[in-house]
Amino acid sequence: MHWKLSDEQNAYQEAFRDWLAGVAPLSIIRGWLDSDDVSAFESRFVADDWAGVGVAESLRGQGGGLVELALTAEELARAAAPSATWLATVLAVPALAGRADLLAATFGGETVALLVPADVIPDTAAPLTVDASGAITGAVPRVLAGGTARRFVVPARERGELVLRLVDAQDDGVRRTRRRLLDRTRSIADVVLDAAASEPLSVDGTQVLRDAAARAAVLVAADALGATARMLELAVEYSKQRKQFGVLIGSFQAVKHAAAMMLVDVEAARSVVYFAAASVAGADPDALLHAAAAKAQVTAAGVRDADSALTLHGAIGYTWEHDLHLFYKRAKLDEQLCGAPGKWNDLIADGLALV
Amino acid sequence: MHWKLSDEQNAYQEAFRDWLAGVAPLSIIRGWLDSDDVSAFESRFVADDWAGVGVAESLRGQGGGLVELALTAEELARAAAPSATWLATVLAVPALAGRADLLAATFGGETVALLVPADVIPDTAAPLTVDASGAITGAVPRVLAGGTARRFVVPARERGELVLRLVDAQDDGVRRTRRRLLDRTRSIADVVLDAAASEPLSVDGTQVLRDAAARAAVLVAADALGATARMLELAVEYSKQRKQFGVLIGSFQAVKHAAAMMLVDVEAARSVVYFAAASVAGADPDALLHAAAAKAQVTAAGVRDADSALTLHGAIGYTWEHDLHLFYKRAKLDEQLCGAPGKWNDLIADGLALV
Amino acid sequence: MVVAKPGRMDAVVDFELTEDQQTIRKAVAELAAKFDDEYWLAKDEAHEFPTEFYEAFARGGWLGITTPEEYGGHGFGITEAALLLEEVSASGGGMNAASSMHLSIFGMHPVIVHGSEELKRENLPRIVNGDLHVCFGVTEPGAGLDTTRITTFARRDGDDYVINGRKVWISKAMESEKVLLLTRTTKFEDAKKKTDGLTLFLTDLDRSKVDIRPIRKMGRNAVSSNELFIDDLRVPAAHRIGEEGQGFRYILDGLNPERMLVAAEALGLGRAALRRAVRYGNEREVFGRPIGMNQGLQFPLADSLARLDAAELVLRKATWLYDNGKPCAREANTAKYLCADAGFQAADRALQTHGGMGYSEEYHVARYFREARLLKIAPLSQEMVLNFLGSHVLNLPRSY
Amino acid sequence: MVVAKPGRMDAVVDFELTEDQQTIRKAVAELAAKFDDEYWLAKDEAHEFPTEFYEAFARGGWLGITTPEEYGGHGFGITEAALLLEEVSASGGGMNAASSMHLSIFGMHPVIVHGSEELKRENLPRIVNGDLHVCFGVTEPGAGLDTTRITTFARRDGDDYVINGRKVWISKAMESEKVLLLTRTTKFEDAKKKTDGLTLFLTDLDRSKVDIRPIRKMGRNAVSSNELFIDDLRVPAAHRIGEEGQGFRYILDGLNPERMLVAAEALGLGRAALRRAVRYGNEREVFGRPIGMNQGLQFPLADSLARLDAAELVLRKATWLYDNGKPCAREANTAKYLCADAGFQAADRALQTHGGMGYSEEYHVARYFREARLLKIAPLSQEMVLNFLGSHVLNLPRSY
């Protein structure tokens, strides 16, 4: 047994955190969110070479694996940084295996996204149908990064078989409608394909989607971990300055206990997330169950702790000026993103061998 | 014992609900909120003569009491209608007893508000100080309706005694800064008095503030009840149309149980709120404890149920277009408004005769 | 608009107990207080029926609180019955105390409404004076919560019926002379409607025909819970309640009252636990400071107090509706859910407040805790309440 | 930037148990499985020490799992000890099984680290072979959780000490030949530092000088919990562990391991309860359909499984840190909180899954439930864990 990240991983986490602090302080991020345009962040993220971290070299990435991706997700959330494009890309990119051209374009900043609803477990989305000419027709609501993606990886059914096909988002047959989320650090869009041209992707669709599901669970859980850890920091800071009846509120047992319970959740979340990441990365036979447990537990705890943090802040936390609500909304969305706890609990229940 | 509202009260509730449905459907309300200007609603509310309901005739109101006010609060919340002005007024107006001129102005639409932070129990706010000339100086953050009030009732200390004084919001010595809340159906502002002129109010300040605290607790609890009841309706409706795996999600036990638990909370909340309203109205010796229990229990349940409703709706509930978040944010703010549950629990703990 | 606006209002919802009700509450509390926690601890440990307690309440005439006056009772409603059982439970007697008399209080309802004059004259006065102990023979291992699935069968044989079958979780059967026994006289598969063909009897628990085996259980050990093995029990038709085949309807009347009374007992238990917790919080000092001064201890207890109060309000509303002949299924089920939940939580927090001492039986909260847990599964589980509310109040579709 | 970017990575965090650890786990589970739920039900009801079980583990050499090899043990770490107690508890033996050997597993730590060679030679081998039962005499009624407040006093008298005082919640004292006894040799008020002046002994529990009174309690009844009244107990200085006045420091070493082991026992208990719940959910049919098909039953159990897994990870991390000589107070306390919480919740849900049957001792979940509740208050309450984390990890100010 060995219970810590490697020095390399710690160094990476630190470097990325520093980069975020420099490039995307909250004051700047708020500007991007208010103007509803986060492209500045996204291009800088690509330009500074972070996009390929955690992506296998075979996919033109910089190596590393799901643990590095989880570290990235955790830090992005901790900074309340935009992450729809990044998440969509790392989930979809394995579908481009063997397509050097597309991979190069992707890590050059041309986002690729799975054409599935953002709120379902990726491999449970209903596949679309392809006609003989390879044209695809169908509507998919709430696609992560659906509004900005340059290409879509489309789960489709061809002669009764599940395949993945590539659709150019700029094809005339593609219509997309941005949907505004309460959490503006992520974005979705409804996408309608009307006889959109598509080309085949030579990967095992079932396998790619199953992997995407497990990876999505881990990365959304990591996001919730980052947001929760940050909310705990904010709550503790606040409770060390704010006084009531002449004493710091942090000295009230009710406040102290609430903060300590958040700490317990964060501690558990960290173990669960990185265990699941290692398990999925190592293709452990129970990997999917570990990922499911991480998604169900950590995102649910995130919601619980978001409420605690809000309560610990009092009314100040409800004001637009205060940063808490950025993380609060992020934690809330993480609960639904890529499948609500209930859906993942179904998987876990199977693990219980209940009829 | 007698466990129902009077026919008159039921008739009032129905009439007011119908009026709201006609004047303030959500589509219209959203327009007001987006433009950050709810004055249209407020003037119509006054013009159509609702402002005086539940206010004693001695105060130039139309009679009725806290139960009618609670019905009003419940319906306003159920409609997600703007209510900061109304709530501020009904809490402050008893301070104007005997001032026919001011009362007339108030029910003519000139809002009067207590100059206390919106997130504290009204009678626990620190009083300001008055100089010999009657000028008041001091800063009060987060005043309910502070941005739109025409007059402020200011708790002040004069020769060691707590008094209430009236300040004209248009006095040169008054500076106010709107603070945006996540819940835009209510508004607050930071108010700074810089040697603002004031006139005395001939009421027992301590008594008026104590009453205001008990009434605030009941009315905010009633607001949470209305918002929760509406969220339950939305969740049930949704679960009766939305299908998963070919069946209505309402048929999944997990969904059914979650909705039923919300129902249990609503049922309890209704009994608690109207019991407390009757108790405070009837000056029951334990009235304050009843009000405290209502505030602590009902608003906490509201937050819990808001999360359930969100979960039952899935990602759709996170989209800006869907109405759920209006009620969700409202329920969240109700938890903090006029004192978080923890503060009211302090009172209840006293009731336990714990040292 | 103006027409709908209220003018000067009269008192609205009147939540005051009547004088009678306040008197009942007070008198019951005083009588119950004569039996302290030590008494209940001893009875629970010895698995011994609280005869002295039961007789005191019989002598006081309390067992007949809902029995019509012509049979020696007081003819009060469920509201008063609930107050009685709540106070009995709140005295610290908890479920041991409540279960010792629970059935006498309202279990005879089907007999009162549907029984023959003879059956009533013979039994009701003896219930009231405490001489007659009766148990309620409905639940069966195979039937789950769907009572229509019971299989205990009563075969007509001349002027008698001959009954065979098995019952489970029959409280107080060991101590009872008679049983209110629900049977099938038409098999489920032969019945036109599933609710047809059930028949109810009030008859002697003949030990030579009925093997009674107590169940080892976690708590409420002063009153037995039993399995009944019924082998050719011969019952005269005169012991039948009402018409053959109508038994289910007769039982149905009693379901909501049953839930309300159990809710009252849970509520009382929560009050008893909270009282103990407050006392300990005030008495127990650590470093010269009562632990009750800690917010971490105060807030959960304050929250429990408020929850118990809320649950009580819903319960009062439910019993008021029932006594006024209004529909109350929604409120009765909600009250059961809220009271069982708040009662157990109060007991759990009281135990936690006591720290290590909470685990010792000598501080009594452990007993309350063991008993309070029962009310989250009996007479029906919290989940079943939610199913009921989801299906019948929210009209959600049938579950998967 | 690039410098910090990881190139190809090796396996990161290795969560695999070592082969030794997997073997231990398997072997313990197999041996424990020889003692089934009926065995534990009988022992618990009879308040009888599980001698057969204890001896089987002694014969297997398990009691010496952490004892150094030169004293007949295996010299494994806390990780292995935790696995052992977790499996023992998870077998269904629960706290009865774990407590029967808990102290033999790690309680001798102070003796091993600070005891005289003579003391070790005399006692450790007898601990390992199971011949010597020892109890842990630290807790006192007046001291709460601040061990420095104990008042049991050891007065030096020639080559001996004479000890007077009172202890409470001493597990297994009835069954023990010796006691690891913490005393004060300098009164609290006379000590320079409050942690000075405490002295630790390993000595005989002389019944003529020590009155041992078992505490009546809610569960874990196969192993006694006792009050000790110590009256002029004469102890030779040779029975002292380490230096006079340093006892507190010696005890302190053991606090984190203690919390980790209790966490492991809670975890095992939760696993046992969950296993029972799943079995019942699959076996119990209502209307020809296993109740396990209901989401309302599945989700809570699935959630409990995930919570137990999460708690286990934190526990493994804590024991790994300890065995690798790293600070682990944060993780040890978090593990205790999470395991006690998840363990009790699993037991509670298992009971609920069983419906009425859960209340019957024959389905065993009631026993798990009673035992699991203990771990939320012992060896320290969940609230104390939160206080610790709030003060020492989050550095929040002292509480009011």
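When the chains are written out, they are named A, B, C and D in that same order, and each has its own residue count from 1.
Heads up, the rule we're going with is that a contact is a pair of C-beta atoms (placed from the backbone, for glycine too) under 8 Å apart; a residue touches a chain by one contact, two chains touch by 3 or more.
All figures in this text were calculated on a predicted structure; none of them were measured in a lab.
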Consider the two chain pairs A-D and B-D; indicate the one with the greater count of contacting C-beta pairs. A-D
Measuring between mean CA coordinates, which chain is farthest from chain D? B
Using Cα averages as centroids, what's the distance between chain A and chain C in whole Å? 51
What is the distance, in whole Å, between the centres of chain A and chain D, each centre taken as the mean of its C-alpha atoms? 40
Could you list which residues of chain D touch at least two other chains? 293-297, 299, 383, 386-387, 399-400
Please list all residues of chain B that touch 2 or more other chains. 252-254, 256-257, 342
Spell out the part of chain B that touches chain D in their complex, as residue ranges. 252-254, 256-257
Per the touch rule, the chain C residues reaching chain B in their complex are 1-18, 21, 79, 274, 278, 281-282, 290, 292-293, 297-299, 301-303, 305-307, 309-311, 313-314, 316-317, 320-321, 330-331, 334, 337-338, 383, 385-387, 389-391, 393-394, 396-400
Residues of chain D touching chain C in the complex: 45, 139, 144-146, 149, 168-169, 215-219, 225, 286-287, 293-297, 351-352, 354-356, 358-362, 366, 369-370, 373-374, 376-378, 381-383, 386-387, 399-400
In their shared complex, at which residues does chain D touch chain B? 294-297, 299
For chain B, which residues count as touching chain C in their complex? 1-6, 8-9, 11-12, 14-16, 19, 48-49, 53, 57, 62-65, 67-68, 236, 239-240, 247-248, 250-253, 255-257, 259-261, 263-264, 267-269, 271-272, 274-275, 277-279, 281-282, 290, 292-293, 296-297, 342, 345-346, 348-349, 351-355
